[in-house]
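Note that subunit A is present in both complexes that follow, paired respectively with subunit B and with subunit C.
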Partner chain A sequence: MADKNVLVLGGGIAGLSAARKLADFDIGVQLIEKSAFLGGHGIQFSCKATDKCVKCGACVVEETLENVVRHPKINVLLNTQTQKITRSDGQFSVTLQKNPAYIDPEKCTGCGLCFEKCPAHGAISRGFSKSNLPFYAISEKNCLFMKDKSCSLCQDTCPEEAITLDQKRTDHVCETDAIIVATGFEAFNPESKPYGYNVFDNVITSLELERTLRQESIVSRPSDNKPPEKIAFIQCVGSRDAKLGHLWCSKICCGSSLRMAKLIRSRQPETEMAFFYMDVQTFGKDFQVFYETVQDDIRMIRAIPGDIFRTETDRLRMAFLDNSTHEILEEIFDLVVLSVGITPGKDTKELADQLHLAVSDSGFLSPSENGIFTAGTALGPMSIAETISNAGNAVWETLKYLRI
Partner chain B sequence: MEQTCEIIDMDQLDHGRFGSWSFSQDFCVTCGLCSSSCPASGIDGFDPRKFVRMVSLGLEDKVVEARWPWICTMCAKCEHVCPMEIDIPAMVRSVRGLREREKVPGVLHKGLAAALETGNNLSLPKEDFVFILEDVAEEIAEEPGFEGFTVPIDKEGANILTTIHNKLVNTHTEDLKHWWKIFHAAKEDWTVPSDNWEGTNWGLFTGDDEAMKIMAGRVAEQMEKLKVKNLLWPE
Partner chain C sequence: MGNVEIFKNLKMKKVTPLTEKTLVIGNGPQARCIAEELLAKDADLIVASEENAFVLPFPEKTEILTGVKIRSCEGSVGNFNLTLDKDGEKVSRIVENVIIAEEAVRKPNFSLYGLTPCANVISLSQLKESLSDDSRPFFKNKKFVFLTGLAKESNAVILEEIMRASLKLQSEFHAKTYILTKNLKVAGHGLELLYRRTKEAGAVYIKFTESQPEIHQQEDDGPVILTFTDDITGEQFRLTPDITVADETISPPENTSDLAAIFGLDTDPHGFLQSDNVHRISVLTNRKGIMVAGPSRDIQSPGEEITDTGNLALSIFKPSDERETASAYKAQINPRLCSGCLTCYSVCPYNAILPDTTASVMPDACEQCGVCAAVCLSRAITIKGLTYIEISDHIEKNTPQKKETFTPFLLAFCCKRSAARAHELASCMGHKLPPGLKIIEVPCAGGVSHYHIFLALRNNADGVLVLTCHEGNCHSERGNLYAHEQLNMIGSFLEIAGFEKERLLIKPLASNMSKEFAEITNTFEKKILDLGPSRFKMKKQDFSFLT
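So, the complex of A and B:
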């Protein structure tokens, strides 16, 4: 087998799965990720097992990530984006722009001193998994050194001398035989919806709840860190919405939110929960069984509520029409979780232009073949399991193309 | 929850008429945001979501007979929140238009009939109307800063012609003063017609296009007659 190389764009579960499968075929993989951490959205998700596994797929992301960072055939480039792609004689020449990591993953022990000492809000962020190496990252947007060189506290404090702030962006040229595009999705930003997101502290997104459950195990109100007595989930925020041009169902939100609700119920049994929905999308053969058990614990309300108001005691009031009494019901909650939809990545158009890929009417990429292949949620909403299978398919197509 | 199901007589469905409407009611995903947001939801069980479904199903007789379309205030909040861009207020208006005119709710029906006959919903005679306006103007003139204020009725060649909502010459005369004081402070060249001054157009609310056209036409006639180019129509 001749030495073949494949460039994988995107380090979420699609890119990780594709990279790992290709590497297992002894193909050299260059895996590039634009953010500071591998794992994409999936690595931020919490395991939702209660007394038994509910097949949410979060652990698979963790496991795949661990395998990828250890794999000798995979070279990972973080903070990296493609600049230019040219193709001749079946070879791709890709110019990559890599922003410095500032923290040396070889030296960093993940002690967290830099994170503790940093005076600038949001300048140092933490990864989500022990396989995120380095576990901390410095944001150029918020770091005071990047702004005016006024602070180098992290560099001075680091006991391992792992931090070097004075570093420049570098360009790399990568020669490759094929490309897999796995650039993922963007979670919908619900600021435009009448729910007071980013106005009321206790209105959060489902993605934020995933992160909280992963990091803290239990849920508390952002405003006062108290456990919420009543939680409302509002589904389809940013999905199935012609006004936004998002006509699709995001597929994962019903499952994800119901599993989180069930998990909260098992860990904080006093919590009352209401689930506001249009219709529950029971994807997957096991979901129906799970759904039946969920309904014992969670109040299912077939209506999407309107505006949210903050009460004088810092709770959240909202209204909906009760289908059984035909009257408007006002209810008060402590925490409202907006199940935000899957939307096309912000740079989809730019990337499609670079690679000469087609973008569908929805704004997601259209499937591609002949040297450049596509995988995962860059194509549209998919669950973790679907994404892995889709990435497997992209790898299979790539192998055929490379005649391996 | 106890629920009874009513059997729908399939012969009663009329998709033909509703199908020709351009309100895309068939795109409704029954999310219920309209019903959650509507300020009139729940009054007599009014449920905008159910109303849209009735139209979508073609339940013409039921929906035209129902009181629901007349509970709606046509404020359009439902349309604002609807993720599928369904123009529910326009649908409500069209359903109202399908009712026999004699069955249009009393106040609206009588008010509109009076407006068509006399020029305003109250059948207020011209002399009384002019008297009320001048009386309010005199009150304003007594306030400091508004000395010598008069109301310019039927002023030819004014910059703005303004209509008057009938309640402002009935129970809410104080509310006339706000507009007029602003005109005065802005040194606006404005006028009020002494005929066909009615600012409400209940052809809009009853779904009666013909009446709406007549009422709007009369306002336009006044503008032509008084050679005024701009209209202020504060319903």
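So, the complex of A and C:
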């Protein structure tokens, strides 16, 4: 087998699976991730098992990530983006711009001292998986050293001398035989919706709930850290929305929100929960049974609420149409979870121009072949399992193209 | 089944040369799609079809067995020995891999809606067939009602077919379509857009939440009348369609349960040939070298069926991994100790045990879970990393020095896929863990035997934890359940002997549950602090059965 190299753009579950499968065929993989951590959205998800596994797939992301960072054929470049791509004689030449990591993964032991000492809010962030190496990252936006060199506390306190703040961005040129684009999705930003996101502390997104459950195991109200008595889930925020031109179902939100609701129910059994929806989508092989039992625990309300208001006691009031009485009802909740949809990545257009890829009417990438292949949610909404399958198929297409 | 019968049914062939052949089992488009894809890459194929015709573009490159039934399959990956029935004759083939790719069965839901099929009450498949036929003037200007997901939940595959049929009826026959459903299953690629298009073309969607339409069919072949109340306005409606179309339930292919038994495959709750386990994504089964695709493994849209083909090809052509565990690491059965009870054979999740007068392990199929070794009453099975000596050494090395104040010595047997990873993450996240906690990483909690537990207790562990994957998430499918049974049993024995069974604890934990890892171990430590130091004593001679 001739030495072949493939560039994989995106370190989420699609890119990780693709990289892993390519490496299994002894292909050299350059895995490019624009953020400081591998794992994409999936690595932030919580395990939603109560006593039994509910097949959300979050653990598979963890396992794939571990396999990728250990694989000798995969070279990971974090904080990196593509600048320019040229193609000649079937070879791609890709100019990559790599921002410095500032923390040396070889030296960092993950002790967390930098994270503790850093005086600037959000300047040092923490990974989600122990396979995120280094486990900490410095954000240029918030770091005081990057701003005016006024602080270098992390560098000075690091017992391993793993931190070097004075570093420059570097350009790399990478020659590759094929490219797999697995740049993932952007979660819908619900600020434009009348739900008071980023105005009221206790209105959060489903992604934020995933992270909370993953890290804290239980949920509390951001405003006062108290356990919420009543939680409302609002589905289809940014999906199936003609006004926004988002004519797609995000596919994963019914499953993830209902599974999280069940998880909260089992850990915080006093919590009352309501689920506002248009249509409940089928997810998982045991959906019929899941759907029947979930209705005992969670109030299913087929309505999408209107504006949300804050009450004097810092709770959230909303109105919706009650189907049985055909009247408008008002109800008060402590926490509102917005199930934000999957939308095309912000830089999809730019990337598509760079790579000469087609973009569909909905703004996602169209499937591509002939040297540049596409995988995962860059193509549209997919579950973790579907993304892994899709990435597998993209790898197969790549192998055929490379004549392996 | 008694041992004698098992032996009778499994006359084992002796070692045969390895082959690179792949057997594809199936009759329909999925099997054909796979065969074509693999043949294009020069795979060495045998296609086995129950039907009498199976046409492929390169017939000379492959052996096509039509009108055959699979009777038995012995051996393991690289060396599956199959017996097939062809016109009453037995045919044998040896293959490296097996792919099962049959077509799904569609059952119309007439009875769920109280309907009897007739000229004006048809199934979705019947309608699709009629629409693919060019001249159907009898659909012209007719009123169609589609019933879907009203009696039980439907899926995106069915809805897509209904919407495509509706669009065709509207555009080509100026028909009027009504779609009655509970939850509109638009979670498929492009379905929301298709839904809008059908609406723009005039389709009327009526969604029910708590109520149901009343469906009356006058006589067995008479017209259908539907009456219902609109959920939002509360108004009463009545519909009298010319043609009523019932949706369908998609079930596994008819021969699925036979194939599951022949190949020793776990199935999902509906009987599809793949357990509902995330470790099987996307075309894998509990057996190495046996893959399932398309409608044999789940309800699938045509797009997903193509994806399966690509994933199958990856599995078939994947070069053998040099780093793959050498056979020295696989389970080993000492024939002098084996009593031939075949407990190992009945529990092995991967069908890696070869039953004979004594059992032996097929190393290529073994995934080193250790379940066999844990249940072996003769202690004839050893597996590297789980042997008495290794675990004993490990515990002794980790036994903390006695301190003046009581610090409970907690030994946690952690599954390498879940709890051991959760422990690492808990350390990364800086969660406070009990100071006397020691971890023993095991390939599967099902590999933890009572010997290991007693070893821990004899080595002065004040508490023993077994941390497993969640039910339905075990790579060895049932290893975690065996572990639960095992620990509960030991607990009850200890209780009879007057020992606190609270010193044993078993919990499920996922790899990403760092906070929960800390909570479980800290709560356990508190419990052991209340109980005080362990009084477990075992004299050397009492322990001789372990050595």
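As a convention for this text, the second predicted complex is superposed on the first by the 401 of 404 C-alpha atoms of A that agree within 3 Å, B and C clash if a C-alpha of one lies under 4 Å from a C-alpha of the other, contacts with A are read in each partner's own complex, and residues count from 1 in each chain.
We take it that a residue touches a chain if its C-beta (ideal position, glycine included) is under 8 Å from a C-beta of that chain, and two chains touch if they have at least 3 such contacts.
Everything quoted here is computed from the prediction, not taken from an experiment.
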Q.
Tell me the contact category for A:Lys130 with respect to subunit B and subunit C: first, second, both or neither.
A. second
Q: Look at A:Lys251 in the shared chain and tell me whether it touches subunit B only, subunit C only, both, or neither; answer first, second, both or neither.
A: second
(Q) Quick check for you: in the superposed arrangement, does A:Arg302 touch first (subunit B), second (subunit C), both or neither? (A) both
Q. Now for A:Lys400: first (subunit B), second (subunit C), both, or neither, which partner does it touch?
A. second
Q.
Going by the contact rule set out at the top, does A:Val359 touch subunit B (first), subunit C (second), both, or neither?
A. neither
Q.
Quick check on the superposed pair: does A:Leu321 touch subunit B, subunit C, both, or neither? Answer first, second, both or neither.
A. both
Q | Winner by number of subunit A residues touched, once subunit B and subunit C are compared | A | C
Q.
After the superposition on A, what does A:Pro194 contact: first (subunit B), second (subunit C), both or neither?
A. first
Q) A:Lys243 contacts which: subunit B (first), subunit C (second), both, neither? A) first
Q: Please indicate which partner A:Ile332 is in contact with in the superposed arrangement: first for subunit B, second for subunit C, both, or neither.
A: neither
Q) Shared contact residues on subunit A for subunit B and subunit C? A) 240, 242, 278-279, 302, 321, 324, 326
Q. Mind pulling up the subunit C residues that touch subunit A in the complex?
A. 41, 152-156, 183-193, 196, 207, 209-210, 231-234, 268-270, 272, 276-279, 281-282, 298, 304, 306-311, 313-314, 317-319, 321, 417-418, 421, 424-425, 427-430, 469-473, 508, 510-516, 519
Q: Over in the complex, which subunit B residues touch subunit A? Could you list them?
A: 1, 3, 27, 29-33, 35-37, 41-42, 45, 47, 49, 81-85
Q: Would you pull the subunit A residues touching subunit C in the complex into a rising list?
A: 1, 21, 24-26, 45-47, 49, 51-53, 55, 57-60, 62-63, 66, 110, 112, 126-130, 135, 214-217, 239-240, 242, 247-249, 251, 254, 278-289, 291, 302, 321, 323-324, 326, 362, 380, 385-386, 388-390, 392-397, 399-400
Q) What residues of subunit A sit close enough to touch subunit B in their complex? A) 194, 236, 240-244, 278-279, 302-307, 318-321, 324, 326-328
